[in-house]
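Each in structure tokens, the structures are laid out below.
Each of the next two complexes has chain A plus one other chain: chain B in the first, chain C in the second.
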Partner chain A sequence: MKSEPNFSLTRRSLLTGAASAALLPIVGMPKAAFAEGDVIKIGFLAPLTGPVAAWGKPGLDGCQIWADWTNEAGGVEIGGKPYKIELVSYDDEDDAGKARTGATQLIRENEVKFIMMLGGNSWPGVEEIAARQGMMVSTLLPSDLTPDTTTLIAPCEVHPIYNVTGVEWLAANRPELKTAVICAQDDALGKPSVATYLAAFEAAGIKMASEPLFFDPATTDFAPVMTQLLANNPDILCLDTCYADYVQPLCEQAFQQGYKGQIISCTLDFYQRIVDRTSKEFMEGVIFQFPDFDDKALNDPRINFKKPNEYYAEYVKRYGATQWSAVSWEYASILDLWADAANRAGSAEPEDTLKAMKEGGKGKHAFGDARWWGKELFGIDNALVGDWPVVVIRDGKATIAEFRSIPDWWDKNGELLVKHMTALGQMWNQRT
Partner chain B sequence: MPDFLLQTVFNASYAASYMALIAVGLVLIFGVMGVVNFAHGELYMAGAYAIVFFYAWNGLPFFVAVALGLVFVGCLGILMELTLFRPLRTNPLGGLIASIGFLLILQTVAVVGFGLRNQNVPRVSQGGITVGGAVLTYERLAVIVVTIVLLAALWLFLRRSKFGWALRACAQDREAAALQGISINQTARYAMFIGAALAGVAGAMTAPLVAPSPYMGHSVIVTAFIIIIVGGVGSLEGAVVAAILYAFVHTFVTTFYDGVIANIVGLLLMLAVLVVKPQGLFGVRERA
Partner chain C sequence: MPEKTTIGGAGLIGIAVLAAIIIVAPYFVTFSQRELMVLLAINVLVVASYRLQTLTGEWSLAHLVMMGAGAYGSALYAKSFGAPVPVAMIGGAITAGVVAAVLSFPLFRMKGFYFLIGSFAAGEILRLIWKRFTDPFGGPKGIQRIPGFPDINIGPLHIDFFNPINYYYLVLLVVLVSLWILYRIERSRIGLTFHAIHWQDKLSESVGVDAFRYRMLAFVIASFFAGLAGALYAHNLSTVNPNQFDVNAMVYVLIWTIVGGTSRWYGPILGVVTLTIIDEVILRGIGADQIRPALYGLILILAILFLPDGLESLVIKAKDALRGRSSSKTSVPAEALDGSRD
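Our next item is the complex of A and B:
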């Protein structure tokens, strides 16, 4: 038996309604009313579960904030008309087969206009359908780029090239440090990063105290790794682009085995936890490449990310401070670039948007002016590079020390990078 | 150099300890029930999450949390025996497949209950023993000591108690044991409880050192299988000796060369044992 809904008007509901009506001019009406069909769908195809989910899920959360803010502000204006943005996500579990299924669904069923991916293991599954459909796809890993991937762009994170800025800053600020060691997981993320750090150390006149140490990604006990790294008493301990699950135990092991030198790393997710588990003194001066977005330095006018401090506060409010990671802002920053390009193109069609995005070979990425680059390393100029922040732990807190130019470093030391990438088989024509 | 060697010995001893706990549990389950428990790595993960819940989140003393973790994961083992392995007892392949399903369930429960990210378990102690330049932290020392105590207790239980004899009898010949009046269901329950609890203790004791994540079981299960193949499938002594052998070889090769070569050497070790002694170091050749 179904109960009848109770629609009787009570004094309380009457008062609530009246108060709401009175407050409407103050809180305001919704800023935009979208007609049905005035919706553009954006695909989010990344690992949302599984061991690599930490590189996908926080990004989707960040994109949701971006979409909510954009829609509240009236949507994205394209061809003089506002469009609501709708995110459609698909969990590829970092698997090429699942990514292929996801891309097919996003393109054919959801009719998305743009797909954001983590890339790496999943990209080979998407490559063919993206090329066939002319779908613009973004990756966080430019090592996916080849001359054939004409619709694939790396517009935010040109991993691992930005790591050169940290080493360059270190050499300029601590010239007394002369020797370094490096370790990385033996995978597609670790190797190009090692090549980049080797090039950056060589450019800075820093000698390697031992050969790069590669470890199995399944490693759980990092004590032997650290024992070997510290055997030659290096001035600098480089943790490359180790996953967050590795950086923490590596730092702890360095601390426990008595290391007192400089640490440099690509990422330092959950650094507060590492500080707690070691000490403020031990972590003082650690260099990495991903700022907290509550950093006041991000309010600089050249930064091309809307309200970074407010974005960070909203992220923390919705998901908690412990969920913030290197990718929390990156996919949202790509959406900024996409929206700007679609606006300029007057069209959300992938071909038009891509053309507008790459117009003139220049653009603006999250940290300011940038240029489309990459032919020498990836065989195609589809990576957007510019300045990148050097972040230093000071008194237990990540602080942007300086923005440094990747193109400037490349212009001076590009040959070194090509040399080390080639030696480790990481050039686009060496990768299988 | 002596400090360097001593540090490597400390590292290897720790690795041998927790791997021995995991491998012995796996061997016990296989020996008594004839089931290849692919979810054993996830039982290790469940032990680590018990520490997250009881120690990190609810502030219970660490060793109380370890004891609760032991009981909790042991009960998970009983649950597996009752709902999966017992109904599929006549179908060994069915048990294996069911354990893979249970593995996925445990991972999903961990994701839903604790989130995708690795968890922070507060340090139990910051101190350690320093010998020359080599350091063995109290946390790592505790893993070694607890392993020795538990394995000694297990040895006594199997050799000196009635239930231990029943377990060993079932491991030798289930049908003959049943004919002697030994309850197969009861011994299977004991085996699952003890085997799972050992994996749970390994996870619980190492939780402050590894930052638990829902997928941490993957990394240990392959090593555990290598160890029980080297030691001899079904041999508890073999599992302990193989864990020590594997951990020392792996740790020394990692320290003097690198971790990738260490994995290759570990597999070569298994291959060499299979060629020279196919039943494993302590395995018994099956009669034709």
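Our next item is the complex of A and C:
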């Protein structure tokens, strides 16, 4: 007699099933193909977790909106043919080793045509792979640029050079402010930014009340940092390019220690939380460099970023207003540049796209027409600079006060910037 | 029951299978997983050397900084002084050992929790030195464009070590030799003395063992191999910076070691291999990139709850089960014999 098959769920079969399910993505499974049309893949290699995730994750969210809108509109036309855009992301955790693994995956397995990075700590892990594979890579930190990094571009954020616009605007609008103090985390992001602010203050005739205060990136208690900064009773408190996790406690400490003067900062990510934890009155007039994209000033015809107000509304709808950060629009604006270049080149190949992007030495930056620049500072003209907005908190809301020209400031004060960059060892030929 | 010191037939077969897997594995994984295998092999050396340090009962928070000392040392010898990379690597490892020897004098005046905190402080001082002194350490951005391991060109043979498969085999060779040395040290009289100091330091001292000297020896040896791992790491990535060796990264070394277990030499290796595969392959593979920290944390909690003696306890149980089965097989005739007597 044949025995009945036993289908009872044993612990072993359950574990085997669970393990198989977990391993399925590794060993491979049939992938859902796009129903129609050709696809171009774009790589997103930035920190999505960890302390620097605030400058990666909101950017990926923004890119998703850009990709959805582009695909809904029929894709990007290249060589007379429409292509859908697919984003492929890899969390590099701001680590060179993980970035190298991620770049390998994106280039050799996902076959992306372009990679967007935050840059900084992670870029050195990618540099040689990008060079060998001829992969075009973008960074938000142009301090990664050197004469050897020919496929690396900084087409959106020329950090920290745009900080000069905030100081210049401040000096023009509040000439009574004469002294400043500055603090920054002691790292590759903080130092060049300090050099830029020092140059901008010097150009504006603002004296430093004390030497720049560099604190350890592991700092969690900002009370002594703020006490030391305020000891010299400065007119201006400059928070440099501190990470979001530092700007918030620094502002809170300034509030709690009774500071009444002017605050200027490169970023003020998630500023609503800071307003909530301090007060509207305290934050009134704080200057930084990154606008909310619901600002009507962005509807000016010279702005190249497409539909900024609608983009902001969609971002808020999908992710919430509190998730908007400095990078929410930046990677998307880089995609605009890439799509335009690929369209003009008639090819998505990195070499062709890069050539088209830099054609004529000019490009369409998010905030207006700009020029490819950087040889004096980075050893290569791979940074796109033009106008940059000065943003002021008014009644608890970020508002664009004015657009100012970075090249104009550079033409007048370039020597000062080189002097301070050199003093802090930040020129490209000083980097080890 | 003392651990068995000889390897049986099953053990030899197991080792042969394992060797075959780690040798052919690069050809069965993706390009990016090859890169991951290089980092994994380096981390195996980090945790294995860390275990040697823990044999004396002292858990250090400076182990990754010692890896950094090796990485910085090797990078500087190769880049600034033009030393051949293999020589620079050995120099880096020796530098880490020397740094550990110097740090031993203040650190081993402390024990237990105080040593742990002291080692953290010592590590942070070293990291601050790397940050503060831009010349020669490159400051916060560290050292970049470190020369890679030189290509080998002998007749038709061309080996490019930028290729992760080739570098993996180089790392594998170094790691296997290192593991063998670490294993032999643990099995030697010195290793037994480390254990004795861990469990009965006063008693050991009463019979003439110089506990300070042996703790220092363990620290120096562990740091030497951590430094060697750092050198392999630096010449693979072409960059080192102080953040790569901070306390956050050190927490991972502790997690790998604790989850793997420390009573057997293979415990931490099991930990680093398993957790790396879970974190970097499975969780990324299922598209859980952004929630990996939460899932990873959950897995750790589960591991600690259900495997308090580490992953190595599974191996020990499996071995006991196998032994039990084979002994029960051999005992059957005896029982039958007993029965026949009845």
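List of remarks:
By definition in this document, the second predicted complex is superposed on the first by the 395 of 432 C-alpha atoms of A that agree within 3 Å, B and C clash if a C-alpha of one lies under 4 Å from a C-alpha of the other, contacts with A are read in each partner's own complex, and residues count from 1 in each chain.
Keep this in mind: a residue touches a chain if its C-beta (ideal position, glycine included) is under 8 Å from a C-beta of that chain, and two chains touch if they have at least 3 such contacts.
What you see is a predicted model; the values in this text were computed from it and never measured.
Look at chain A after the overlay: chain B and chain C clash there. Applying the stated contact rule after C-alpha superposition, one finds that A:343 touches neither chain B nor chain C. Contacts of A:186 after superposition on the shared chain: both chain B and chain C are touched. In the superposed pair of complexes, A:90 makes contact with chain C only, with no contact to chain B. In the superposed model, A:309 makes contact with neither chain B nor chain C. Judged by the touch definition given at the top, the superposed model places A:49 against both chain B and chain C. Contact with neither chain B nor chain C is seen for A:399 once the two complexes are overlaid on the shared chain. Contacts of A:57 after superposition: both chain B and chain C are touched. In the superposition on chain A, A:219 makes contact with chain B only, not with chain C. When the two structures are aligned on the shared chain, A:258 is found in touch with chain B, with no touch to chain C.
After superposing the two complexes on chain A, the stretch of chain C that clashes with chain B is 254-262, out of 38-46, 146-154 or 254-262.
Residues 49-50, 57, 186, 216, 218 of chain A lie at the contact with chain B in one complex and at the contact with chain C in the other. Those residues of chain A that touch chain C in the complex are listed here as 22-23, 25-26, 48-50, 57, 89-91, 95-97, 100-102, 104-105, 108-109, 121, 124-125, 127-128, 132, 186-188, 190-191, 216-218, 425, 431-432. Against chain A, in their complex, chain B makes its touches with residues 4, 7-8, 10-12, 14-15, 111, 116-118, 120, 122-123, 128, 133, 135, 137, 140, 206, 209-211, 213, 215-216, 218-220, 222, 250-251, 254-256, 258-260, 262-263. On the chain A side of its complex with chain B, the touching residues are 49-51, 53-54, 57, 186, 213-216, 218-221, 223-225, 227-228, 231, 244-245, 248-249, 252, 256-258, 270, 273, 276-277, 322-323. Touching chain A in their complex are the following residues of chain C: 30-32, 34-36, 39, 128, 131, 134-145, 148, 162, 164, 233, 237-239, 241, 243-244, 246-247, 280-282, 284-287, 289-290, 292-293.
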